[in-house]
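Below, chain A partners chain B and then partners chain C, in two separate complexes.
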Partner chain A sequence: MSSSVHIAGVGVISAIGKNVTEHLSSFENGKAGMGEITLLDTIHKGKLPVAEVKLSNGELIAITGLPPQTSRTALLSLVAAREALQDAAIPNFESLRTGFVSANTVGGMDKSEDFFVDFLANNNRGKLRNVFDHECGSKTEIVADQLGITDYMTTISTACSSSANAIFYAARLIKNDLLDVVIAGGTDALTKFTLNGFNTLMILDKEFCKPFDEHREGLNLGEGSGYLVLVSEKVARTLSKPVYCKLSGYNNSNDAYHQTASSPDGTGSYLAMKGALDKSGLKPSDIDYINLHGTGTPNNDSAEGAAVKRLFDPHYPPMSSTKSYTGHTLGASGSIEAVFSVLAIKNGIIYPNLRFETQMSELPFKPETKFIKGRQLNHVMSNSFGFGGNCTSLIFSRA
Partner chain B sequence: MKTYIRSAACISPQKTFRSEVFLDNIVEYNGTRLRTIEPDYKEFIDPKLIRRMSHIIKMGVATAKDCLNQAGIEMPEAIITGTAFGCMEDTVTFLTRMVEQNEELLPPTAFIQSTHNTVAAQVALMLKCHGYNNTFVHKGISFESALIDANMLLREQEAHNILVGGTEEMVDTSFKVLTRLGLYRRQPTSNLHLLSSEAKGTMGGEGAAFFLLSDKASDDNLAELSSVKTLYNTSDVEAGITKFLAENELKAEDIDLVITGKNGDVRNDAIYKQLASSIFQNAGIANYKHLCGEYATSSSFALWLAANVVKKGIIPQTVAEPRVNSRPLKKVLIYNHYLYKYHSLMIVSAT
Partner chain C sequence: MLAENHIISSCVIEGGDVFKNGRLLFQNKSADLTGFLLSIYQHFQLNYPKYYKMDNLSKLGWLASEVLLMDNYQKDQYQPEEVGIVLANRNSSLDNDIKYFESAKEIASPSLFVYTLPNIVIGEICIRNNFKGEHGFYIQETFDADFVIVQVNYLLDNNILKACICGWVDVLDQYYKAALFLVEKRQTDSSVPFSAKNINNIFETN
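Let's turn to the complex of A and B:
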């Protein structure tokens, strides 16, 4: 139970790149992924910016080799999961106990919402192939089959903390000696359902989002997927290259305040960060960088900021929200940002928080605005908080 | 360390919720769908909140609260749920308005409550429970994934009392779509004859069941949840079950009762019949889906049944297949499969 879990591979796709290399280049060049809506057929086109993956479904089908009716959620998932598994290059993968733990929030909604238009007009209409794989679990299954996973797969959905919980659950499957290797993360495609949902909550910024800025006005939705390959110590020893780092701490706590809003003092966020530190045996001052949840909504950044202040004051590590690049990728955000955190340790990078101008009046700190490379980072914290009060923090540490 | 089922609460199409009797007076349904019997939710939920809550939230919150009451525990240290389709009522409401109103002037409530973690979140909110909170949404093993999570938390000593639930609501839209996909019977039937009248398709169902899992031994515990495992796309179910039993230092002969996922669909039931005449030829056999219908987390109904069978030492007549077996009920195996792709195995033992 005390053995550590190592990160052997990473893969990511989002509005700023379709693999790890493209992401690192976008970060260094300050290239954000937001823009006008081009893929969704919605009345919000031209009004609300989003961070789309710059590939059509047709292009994603050509890349992945999946059938033409496949949901974009699964298409995005396979691109990043495959990259992660190839990166890990695990010897004798087939002989090991393997698992796939993935997360998403609305399953095949991108197809179901098309089906629903015809179905509403007449319940005997609508193409069944567009709704057959509606369930969140279908997305995981489609990708697991492609990866050759045989022993165990499951899907987690805890709103915007979903894929952080997937990584955390995967690590525990290894620690409990149920599996040797788990590919874990999450995926979400932009849909009209979520775009309209977040729009009704009036938390979408009509401009590009400004996380942790005094004048922030909301979030921009994004899409993508990110995966880590987690391996046991035993498997780590068989690898031909060094692991990236280890997952040293994790915690899942509930804010128990409101279905969608965060408590003013960020109770859940505080408990998650504190719990993850306790798990790793680290002190706040050991953390070298925090990848913030930082959605850019007034409520989230204020609650998360209050929690960071309570835990870290007066010594604040560098921190930033990479959602200023990728937008808020919902169920995928936890694992996309986990990939960024792992890459931060490996490459000594602190990511800039784009478009930051004015420090929040209630907070004694501000996010990092410059791209920093070549710094020794030993411990990186990644925060993911969601609807339903679901708060999760992960800590990655140099192996 | 052992995992005990301290208490269990179940809302189903039968009188299972806060019932004095154990599956007596079975409710008959004629059609292709079974609906849950609704309790008076005012006992469990603030009436002001009930109005805005969808069916799955009400069922989930009421069973969770009743489960805690039975266990005499006010605050669990973790809340974990499993649901394949999640909050369908709110999802369909929001989708319908989005289409009909062309994305304009949409109210947020249905969207807010449509996320799959809403039941676990609402339970946490009502209890002010800041502990571990997770929701699994993987088809026919959603509930099993939640149980595996709870088992690990107990072993890790991260929690000692965990609320685990399986919830699923069937709304008209999902029932219609799943009927078109061929899951249910084309002709109406009686649930009492569902398992004997073999045809293509089964009857749709729904329900919620919550369990308080604990690592503490107590005379009040219902049963021990000895093991949970899922198999995916296996070519040899019999070998998979034998291996699972061996991992638990058991042989097929040690199983006193097998609770199967038989649902009356010819395509579905063959494996259960095969096992009943092979490795389980000497075990008692019980079935449950004629009582609650088929749904992705119906194994939570089976676990409620198994825990009560073991505690009470009786097999209700309505679930028992007529086989000679007078052995004491010490070891019960639940075997259910979901479209023959996901296989779920649980061992429930007398304490």
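Let's turn to the complex of A and C:
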């Protein structure tokens, strides 16, 4: 039953690209996705930078073919999930036991915000179709229908580790022989709700974020979606091209420290990384690259840094936060960065941590700042740590 | 037939009174809610600095849980995953939501914002006692004993939990009421059967 779980396809959309190819090009050219707010209608326009997907809802509707009232969360999801499924090109897909495990945190909040503008002014007004798909699970159902997945679908919402947990859960569905193929990942669109919420927590940087820098001041919110196609060993053997890699380790651990903040010593992060290593049977020195959670908030980076130090000292692998490109895409970040980690193994890439200047005083290491290509990477760790101390680490290994 | 579950202890905080297992342990009729809650904290000589950061809903629920577990709960009796919490109330986190909403007119307060969910009170009790079992928070018009019993019996009878704190914690401005029950599978000399009649009787103590 303990068959390994293989990654057969990947798809991603974020502020730095509409597909995998555009992402690789943006990484290589050091092109970050943050900028002034252009699409989101908010009072913070011109004040707070965000990393928007540079496509209007109208353009996304044209690309996806979904109905005009569809939430941006589902629109982004379908773009990336479709790319992943096409990339995997699984023979006889219809005959297999298939699943869709999708994470998000905002659901249809973007449309609900539109509804409430009219509704609050006059309780007899407001279009109910704008709140009909408010809940997170609706997004999963819309996209699963489009992908033709009917055997199994579920939605996971655990803040910023949501989509890493979706991948983790999908792997268990395959390992326990419940499904043959799972498209797993997550999606989140920018909304007033999240921008105002993070602004209230005073953890947004008014400039472009500087993860793991001594003078980091907060995160930039982003949006996007990323999916992996996970397949069993049996399905992997039927593919016409080699798989990207295996998912060899995963763990979820909780700080139980504060509603939003991590414990200062990064207990949850440490346990997640350690647990994932144990699961994969690897030692810290086997890890060739860490895609850090690295939000750029003082709290996350010092807690994550302390945990990395505790586990890896004195031999640190190259590491970086790709949130310096995409911003923090919340529920989508775990799977977007899982896609990056898979691509890192496939293409031998270590991504640069943009805008890094000064090493954090309490840490004996600093993130990688250059784009490195053509390096043999056998094992890559991807960290996703969420509010409430919900910490997940994934490890991808060369197949 | 399933085995009966038992109320090991109860705590009701209402109208300036603190009852434990039906016995009045403390009374302070003269303070406003915040002052009353602080007087409970001081009376029982509790020492938990995080108390001062909590909103009134969490303070009330946390204090009730402290009194509930006092002398009736052995810390090492169960694994963290074997103890859970099922709570309900009428006003969700509205008391703190309104305070947050007012603060947002000037500078939105992060410390108020993090309490704008009713289930945070469950988190505070879990963190204090290292409980890691299942938990749920329900918003209901009135205390629904039958509903609580169905939820808690399900968790205990299916061996999902071995002990469950359940009940009602509600705050809105100066109105407040907490009624918590520690329910376990085991019987003790002073326990009473976990029935709708018994929890309604305790709930209506005053």
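Here is the rule we go by: the second predicted complex is superposed on the first by the 398 of 399 C-alpha atoms of A that agree within 3 Å, B and C clash if a C-alpha of one lies under 4 Å from a C-alpha of the other, contacts with A are read in each partner's own complex, and residues count from 1 in each chain.
Keep this in mind: a residue touches a chain if its C-beta (ideal position, glycine included) is under 8 Å from a C-beta of that chain, and two chains touch if they have at least 3 such contacts.
Computed from a prediction, not measured in an experiment: that's the story for all the values here.
J.: Return fit or clash for chain B versus chain C, each positioned on chain A through the superposition.
T.: Chain B and chain C clash in the superposed model.
J.: Please work out whether A:Thr140 is in contact with chain B alone, chain C alone, both, or neither, and reply first, second, both or neither.
T.: Only chain B; A:Thr140 stays clear of chain C.
J.: Looking only at contacts as defined up top, I'd like to know whether chain B or chain C touches more of chain A.
T.: Of chain B and chain C, B contacts more residues of chain A.
J.: Have a look at where A:Thr260 lands relative to chain B and chain C in the superposition and call it first, second, both or neither.
T.: both
J.: If we overlay the two complexes on their shared chain A, which of chain B and chain C does A:Ser95 touch? Say first, second, both or neither.
T.: neither
J.: Which partner chains sit in contact with A:Asn165 here, chain B, chain C, both or neither? Use first/second/both/neither.
T.: A:Asn165 sits against chain B, while chain C stays out of touch.
J.: Name the residues of chain A shared by its contacts with chain B and its contacts with chain C.
T.: Looking at chain A, the two contact sets intersect at 196-197, 199-201, 256-260, 388.
J.: Considering the complex alone, what residue numbers of chain A touch chain B?
T.: 1, 42-44, 105, 107, 112-113, 116-117, 119-120, 123-124, 128, 131-132, 134-138, 140-141, 149-159, 165, 169, 172-173, 175-176, 178, 192-193, 196-197, 199-201, 252-260, 267-268, 271, 386-390
J.: Give every residue of chain A touching chain C within the complex, in rising order.
T.: 196-197, 199-202, 256-260, 388
J.: Quick check: in the complex, which residue numbers of chain C touch chain A?
T.: Touching chain A from chain C are residues 104, 108-110, 113-115, 117, 120, 123, 126-127, 130, 132.
J.: Chain A touches which residues of chain B in the complex?
T.: 79, 84-86, 94-96, 98-100, 102-104, 106-108, 111-118, 120-122, 124-125, 127-139, 141-142, 145, 148-149, 152, 155-156, 173, 176-177, 180-181, 230, 232-233
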